[in-house]
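Letters A, B, C and D mark the chains in the order given here, with residues in each chain numbered from 1 onward.
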């Protein structure tokens, strides 16, 4: 193994730099192997200035930093890349060029750190003969084949800290605080942060919710003298009668476009429960900033494990965490279906056992 | 001095509990004096169950906690209190009743912890003969007579940490991050957090802004290879041509009702600079949570100083910080005009010296 | 199930309150079952005032707090309790009394939250017929039968943050910073925090260390222009020639009594490498303070799972985490041998792959 | 003004990088003026490779980082520099060389960021004709002429957080926790963190302490059912009968060499009060890590103000904070006497009013 490449794709996740650092340190310490960094995802393979040599010096001090030193601004999919030709936007398949560039750069392995979308590209490139190894990256924890990915713990920590902050104001000022968290399709962040933060209501995409049990929970608390409640809602949570309400364009427009589901829930609660409500949308605060110790630790292990796969030329595989062990799984198997909260699982049961309202 | 009362009014501010604790500890340690806590602001004086005896035991462990154990849910102004009579909301002046209750409760002094609005009520009660002492409380730092109040440092810290988090994503993903901070009329939080967080553009209510210099700053950075920028904007910042744009209701509605000034700025920047933008509205995250060490320290000193004023029967005064000293100022003098960022001052000059765009 | 008891034993661990809260909430929500809290570990069963009824109101607001509301000050082992009789300290076996009191209190189940020592008592009480269920608690992560316990993540986070803080000073001021972390017999905290914090040298109890490779690592870095290094050392780490040096009492006393292993390592490095060194002993900072989101989440799941075991009358079992699942294991099986860092495992290999010196 | 230099001297303080960044940004934005960074304090002026050109690019991203990019490893005093000549250490005065180098480098102004020692050198160089401007830097807050310096707030925040962490364990496990904080001669950190953290006993260098009132305070708390206490002690605090005890070398050596004053206090308390005690020495944790928002803000203002002084050629002055204003003071005036806690001041009075034991 003389030379490996690494690129980071998709949205930001704390721990990307820790992966890059581990790859560079492991490759150079173990094998004296060169590492080529590819800028801005796959885009860097299409650009003459898109690569840089990564040495242990290049990765000094990046372990605790959020973001990625390789950048990930362009989310171009090489199988369907948008370009402007003669003033018209057209979609091109430049995957052959990418495969060729990986070859030209002399990469024995290309380590791709990315989420669902990026890993799908990875599989297709592998099928075209490229020597790829995958590292899972998803804030939402929605990738099969690993118990968890780096970035998730940081997001949950940030979200829990936010719930803590809202708690004191809620209690002192008799308010219902709604906090909208990340998770378009998977409710892991909201469920874990909601439990860790002591939320009274937790709404996730996997459980279409009704308002009745929510109102009931809040009013039951008010009757017990607790004139405040915390509602943690995933951005992708939807009311059961979703179609009807979210497209309704009568006298009161209530599309999530005008404020998201958090806003919507807050307005409904304010109206029915006669309590002041406030909404906080955490948004990008969950994605940035220094990774937690856990995420640095996991990302470092993923990076070193990816180099080991590269050394074994075990291409087409993804590294993952199972229990306390690092494992590897065939990329195709991983992508068959996304990971979702198990509605019959112990965590959901724990939430119910604690008396938390899940909106159903 | 046998008995003093304390109430907290208005919005939440980290440090309220530290004031309460210091008042109780100082009053009981120094004078063996009883302290009566009044719940929910002035409202607690109108309610038979609105008061409680505060002992050193009642205030154990509250120093590091946000919120207020006395509550401040009802913002009723006793000079103009909203009540429902025969199904109709009417405004009543119950200030005489409040004055009478202060007397009936045997309070030698009533310590009132509150912002501009609450302190105005305080002055009026003083003029009616009530023995009040004020402690300033404002997240926004907009009260004259004190260099700073508790809660402000916590708000600035939280806002700066948020800017730090957004920074890494902005840089890695080539985005313009807009963060909307508290401050309807005063830009102190935004100015201090913007400087501490390294914002490129800072927009405050005291400086009506133009978009041209903002676009220019962002494009200048992009030309230098920095395809990202951070814009810190106070919720009360407004474009110079405010009237025209914010009331415009043509084909594109742009009222701040639909997303606030942060959203508005982000959309304009996205359109003109052709960069991806994201908005984060911190909102109540700035108000809650544990006070910083500085805020606990200041709140504790304010509380002890208020008890000293009570002991000297120096009513009608407000405690404040001047440099390293605790001072007291006549309440009337304090409220003559609100505190605003000094546009000719050193801080604004420092911002300009560093090349920060202030929108003018 | 009418009534269950709960006690916390042994040293402090962030998350104890989260377990208590979950037990109370789950027991009362699910079964309308009473929960009796036992103060100060098993000691509370021997004292007439040693118990209190725990209601959902008793556990309000304790989720984010370190420590334990039940106390754990007395580490008395009922099988060998120290008492003073006629001025002489004697050891008594009061276990029969404990068994009897559990019966008298009408506890259908006693949930015991504790570490290795407390769980051993638990097994013996179970063998005497007491209906016990165990919840593992160890900062050090040295209990078999669970991937990890609550408190560990908080300790690692705190330790990593400390390493981060020392890093900047080390780099700016050309120093070797030695940080001594918890772990008398198990090196998990030091290994994980060392990796997450980017330590150059990691010394754990499982690997008796030699000084030569440590000096070599530090000097190699200095030759590369990095005149600073970070050494993370577990309090229980020992040099290979341990017997000789640690008992040596010649002209220079070097027993760990006079400063611990961190101090010892720092002095040796200073002498041989001619670099300034500084030692920081984190000590109890790793045990206190608010639990991380992960620890609150895990502790909450453990508490709810313990109540489920109680409901199934599955006594003599311990709850644990395997991968993403909560499991239960027979207490006897768990205590056969303690958990230690696997020297042939992937984590140790990752540390080596990154070029970290492990002292061998 | 064509070219200014900057160096950082003495121990670490969070905010040094923020000063450097502000100087570079202000100098280049305002005047197109070059900035030369001098490495490792005054030592960089004696070394051919000791300087580097600082551009806005050099200071990107350093605002939130602890340490100093210029280094401060060598504390050499040019008026008394230790060198090895013919195998013998001799003290040389190389101040003329330093003055000459400042001239040769064409520095219109040299901005020196340092504490008491470094600023004294600064005055002497100014008296020899060098164009120096000072920026005060002291974790301990012991420099006259400024209300506070950067780094102090970070140190107090860290110390307060540590006290918070120890609090929960103290309370749950019935312990007296002693935390030893920085401050050899000035007690500001310990006093402020002690008050902010709710310490029961605060011991500072300015007040030689007796053990009697300390024991009394702890026992009074135990009698009231609080079997725990927090003692914050400055590293420079000393018992009144200091001479006798600290030099005593009888059968029991108790010199601070063997563990510092914290250890000493803990042992005395354990012996007399029959309570378990634990000591934590924060040490360098107070000096490192990211500066708080306040410290970044203050350091940034200091840096910009120093450039303004440079532009006005107002040499021999120090920038400082008075209230909300940045001021400048003649260096000579500042160094006449160090700053100490005012024993008749309001803060000490507040501590007493709250019932805190100050050891006298």
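Keep in mind that, in the parts below, contacts are C-beta pairs under 8 Å (C-beta built on N, C-alpha and C of every residue); 3 or more make two chains touch, one makes a residue touch a chain.
Computed from a predicted model, the values in this text were never measured in an experiment.
Q: What chains, if any, are shared contacts of chain C and chain D?
A: none
Q: State the chain with the largest centre-to-centre distance from chain A, centres being mean CA positions.
A: D
Q: Could you put a whole-Å number on the gap between the CA centroids of chain B and chain C?
A: Inter-chain centre distance comes to 42 Å.
Q: Using mean CA coordinates as chain centres, what's the gap between chain A and chain C in Å?
A: That pair's centroid distance is 31 Å.
Q: For chain D, which residues are shared contacts with two or more other chains?
A: Residues 161, 164 of chain D touch two or more partner chains.
Q: Within the complex, which stretch of chain B touches chain A?
A: That would be residues 11-12, 14, 16, 65-69, 71-73, 158, 161-162, 164-169, 171-175, 177, 227, 258-259, 278-281, 283-285, 287-289 of chain B.
Q: Can you tell me which positions in chain A touch chain C when the two form their complex?
A: Going through chain A, the ones touching chain C are 22, 25-26, 29-30, 63-64, 147-148, 153, 156-157, 159-161, 164, 192-193, 195-198, 292-294, 296-297, 300-301, 304-305, 307-308, 322-326, 346-347, 349-350, 353-355.
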